[in-house]
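Order of writing sets the chain letters: A, B, C and D. Residues in each chain are counted from 1.
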């Protein structure tokens, strides 16, 4: 098994007729993900990806016609919150929103409504997820992965690739890699993804990639301390040298009032039994040190 | 994006919040005229307060907030403040307002609470000081109320806030202000709307009537939402933005100036911070944080290079690209083009992996760039190059 | 409260909905002038449509909507319509608008759906006819979309509506209009905002461009919300409100005039309807529905009595009060006072039970009122009294 | 037992210091209802009802201090929707809103939010409920009741009193009488109250008092036909003589487009096994005819 996506994934790409949507849909399809439909309002009836995928006007139609259970959103920021709600209302259980630049306050009611509908939202402004050898949803390059049993969760994009590549290079494969996104308001937190990994019988070790700002890593560490006690765990925190009061990146992390520092996160993770790496390349060794033999 | 106090007050007024009158002056003469209107006009202020308009905090401690009782004094004080520089920012404007007769100072803010994924009202009975300080010394003094994510901030929640802040005598006013802060936040897509102090002031002559007013205002706008607030671009203060920052913004580059010698160009904020961390770990000091974002093309790469080289301290450049959406060959072409235009010769270490990395490697090799395979190696090489450059200079 | 088409269109315009221009005329000369501006002005309308402004339905069938191609014709048509009476209401105003070149007519309304406890968008591809008729003859033609009770009507829902109405070519316009209807509803506390027809019209010369516009508009406002819409009171059309209705409203009495001979005064709408039903069952005909509401005092009782007696057909009065909030003795005092002021002598049967019924009974007995113990008995007595009165007259 | 209220009811009266709130709170207390608190913002610390009941500023405080489980709202229309939400947020399970004249659109989000919070709302613009001999919440005169086993549900005020009085006069007692209110948007419908009665072992017969307008009576009848098949049922529908297109009462019922007529409701109720009365006084006999021996 894996979490969020796998062989049972039946994916609809929202915004499949756009430049980005089409490009990444192709890559997902090439990876082996079952793309059962696309959706772009007004383009219903067309076929996308070299005539292999039907396009629908609405998500309710897409779900009705294809039995889709997962969606991946590439629509522009102004329309993305609505696209998430449309997917949830249509009964999609797992929604990935790749779109960046969504105003944070738009996401407040959306996240609450998606939860109330019982769906899981990953993102926005996230790279998606890959369950190596099974399915890839989003924009993480498929080539960096290797099948295995380490669950990876990260709020960065390219830093995740760096860490995953380092693991793959060291012969350590992944069950699922999840990028939760770096926006202020996101659908699923570190903690929530760790809970999914904890329930997944195939995930035998955890890698957490965090950043300065907020307290989500600390929150996840506190939960992992008791709920993932026997599981090999390694982590990396970016931003040890970041100055206070400066926002690192567009929507990004900021240390303010002495809270959200790398030091606080590293301490919390170490206290919870994570081996904390000084560089992403050290993650494989830390997993081995923690007893991981996968 | 932070905006100036006077602009923040305008946004509050637009939502019907009680903000005492003010004027903005750009010269001692303007400040004198403004003070004169306030001291001798209908309001009959006994004193005026003159406040430096800068986006950095701590202006009070720096002497940027002072009182004046006469036109002469106002002109003199304004002259002083307009000559100041606070945390490196020259004061170019002052705000002139009637000095309030303050009975009690509180703190009230609406902030986006990332952890709770809701809007949070934070109130403190201790106003006039920084909330972080209260949080550290007297955490129980802070009242926290989350607005419902679907229903918004309801009256009963605002009343709860009022009672817990001991504002029973100003129940209606507190409800109005609390709801107004949330309205201001939503109407403007603000991350933060902070009133510090929110004050009970005595108005009119003698004992006067007590009223709750917003004496200061700080608003931070969500940059992601600027596309739907065309009027907000005018609130950006050109006086406070370094030319490099404006240039970075134009090219959609995320750039922060630091004090080291190794310029960094990276795609992705997390990887950019990691790159800085590894430079430091290898014994160097990063000269900047720079995220060229996703899918950067040659033109943006060249702009990033100009931003880095504009800092004379830079002695080496480290380029670290993990291609995903970004294509490695596009970045390589941009680097080659940028080096041609480059005004001074700074050693550069380039690492490009991921999408189209092989093509990039070929291009970089042909152009005789120094490359690195791993990020650790790249950081070490860049630090060594900077050292060599520093010693040569 | 129903409002006139022209006022409804103003409320739609205020929310940014596409409504073609119009003018309101109160005389044939005014209509001529309006038509002249539309026929010879910038818009160059080929024809104008002149529509009776009355709140009752069916004005089209009654001849209250007609076209005119010249100034003379417009004046003549307006003269005709302004002389009409539609379902008993004299036409005092006409609306003059350019006649649209209609490609297709649809129906769209936002209504309060009591059963679903949500706002319902109802669309039909068959416009220009009454929705009840479509519901009866072709129910599948009606598209129903509920706005989320917490998130409101979202774009995707409005798109769903557009696709199901075959408005693919007007996707954005449909979304804008659907959301605008809900906005109009919320901004004005309307129970109903109905566009019939919503039309695709050809604009400009020749083939022209096709555009979706609101050709007619019907809005019903929630009376309970008038307290927070002070501007809405001005939308009440005094021409259309009978003096009795205005009087009832002033006293907070719910009053509906009917055709029978037995006046009814009851507290509570359900009990008032039941009283009417029992009058009918006893062989009589109610002259009115009248609910004096909860907690009525003597003054309101007297006003209710005046309303009932203003109808000359009334031959008997049935008063039925079940005291809860309303105190029976207050009502009895009101009746005694009202009878003193009464202009004509009409037999009255009074039944008062519940709160303070014993006191009421004593008062009524002293004043020699005819009373009844049960509601059935009261109805029978009133019918008998009316018969006796009718025969005596 | 009974439904909604009973001996276990611990009531807070919201708006207890107002004229109406105080008047009816006294009557409820006199009936034997356990009024554990009152609430009026700004009057916290006072005592109401001759010093017997503490008044609180907020509902959360009232619940914390008194263990209240039920509330009854008498606050003016402009503040009533908020009062309902405050009660639900404080953990009150059963909320009666007596207030009339609340704008209908205000109630749309409130009803949805109260449901999401798992609370039950009766009203607004309703007379409340009485479980004879146990508790009375609202404004129904206590004197009209008699202890018994007939569940009464009505959307009228005084018409309910009329019907209940007729039953009591005939020696037929009630388990609970519920006035659901006549407003366009109400918290609990006929159907929802019938479902509560169906689950109550002490309710052995049903009386439903309806009016013209809407389709709530038909909806309830359809459910009762299968779910209350063996239970003696009687009904009364007001408005047989009401003309089409006229609104009967302030917020009241209206027949439009041929829907919502008394004829349609009577037919649906008779088809579902209700004996339908021509006058409220006939209800007792109809219950007897249906086999009720209580």
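Here is the rule we use: a contact is a pair of C-beta atoms (placed from the backbone, for glycine too) under 8 Å apart; a residue touches a chain by one contact, two chains touch by 3 or more.
Since this is a predicted model, take the numbers as computed values, not measurements.
**Q** Expressed in steps between touching chains, what is the minimal separation of chain A and chain D?
**A** 2
**Q** Averaging only over C-alpha atoms, locate the centres of chain B and chain C and give their separation in whole Å.
**A** Distance between chain centres, rounded to whole Å: 55 Å.
**Q** How far is the middle of chain A from the middle of chain B, if each middle is the mean of its Cα atoms, in Å?
**A** 29
**Q** Residues of chain C that touch two or more other chains: which are they?
**A** 150-151
**Q** Residues of chain A that touch two or more other chains: which are they?
**A** Residues 109, 113 of chain A each touch two or more of the other chains.
**Q** If you connect every pair of chains that touch, what shape comes out? Choose line, ring, star, complete or other.
**A** other
**Q** Going by the touch definition at the top, which pairs of chains touch each other?
**A** In this structure, the chains touch in these pairs: A-B, A-C, B-C, B-D, C-D.
**Q** Using the touch definition up top, name the residues of chain C that touch chain A in the complex.
**A** Residues of chain C touching chain A: 148, 150-151, 154-156, 159-160, 163, 168, 171.
**Q** If you look only at chain D, which of its residues touch chain C in the complex?
**A** My answer: residues 20, 77-78, 100-105, 107-109, 111-113, 127, 139-141, 143-144, 154-162, 165, 182, 184-186, 209, 211-212, 214-216, 219, 236, 238-243, 246-253, 256-259, 278-281.
**Q** Which bits of chain C are touching chain B when the two form their complex?
**A** 150-151
**Q** If you look only at chain A, which of its residues touch chain C in the complex?
**A** Spelled out, the residues of chain A in touch with chain C are 41-42, 44, 57-60, 79, 82-83, 85-86, 89, 109, 113.
**Q** Can you list the chain C residues touching chain D in their complex?
**A** Residue list for chain C touching chain D: 112, 114-115, 117-119, 130-132, 135-136, 149-150, 185-186, 189, 191, 222-225, 227-228, 254, 256, 258, 266-274, 276-281, 286, 289, 291, 293-294, 322-325, 353-355, 374-376.
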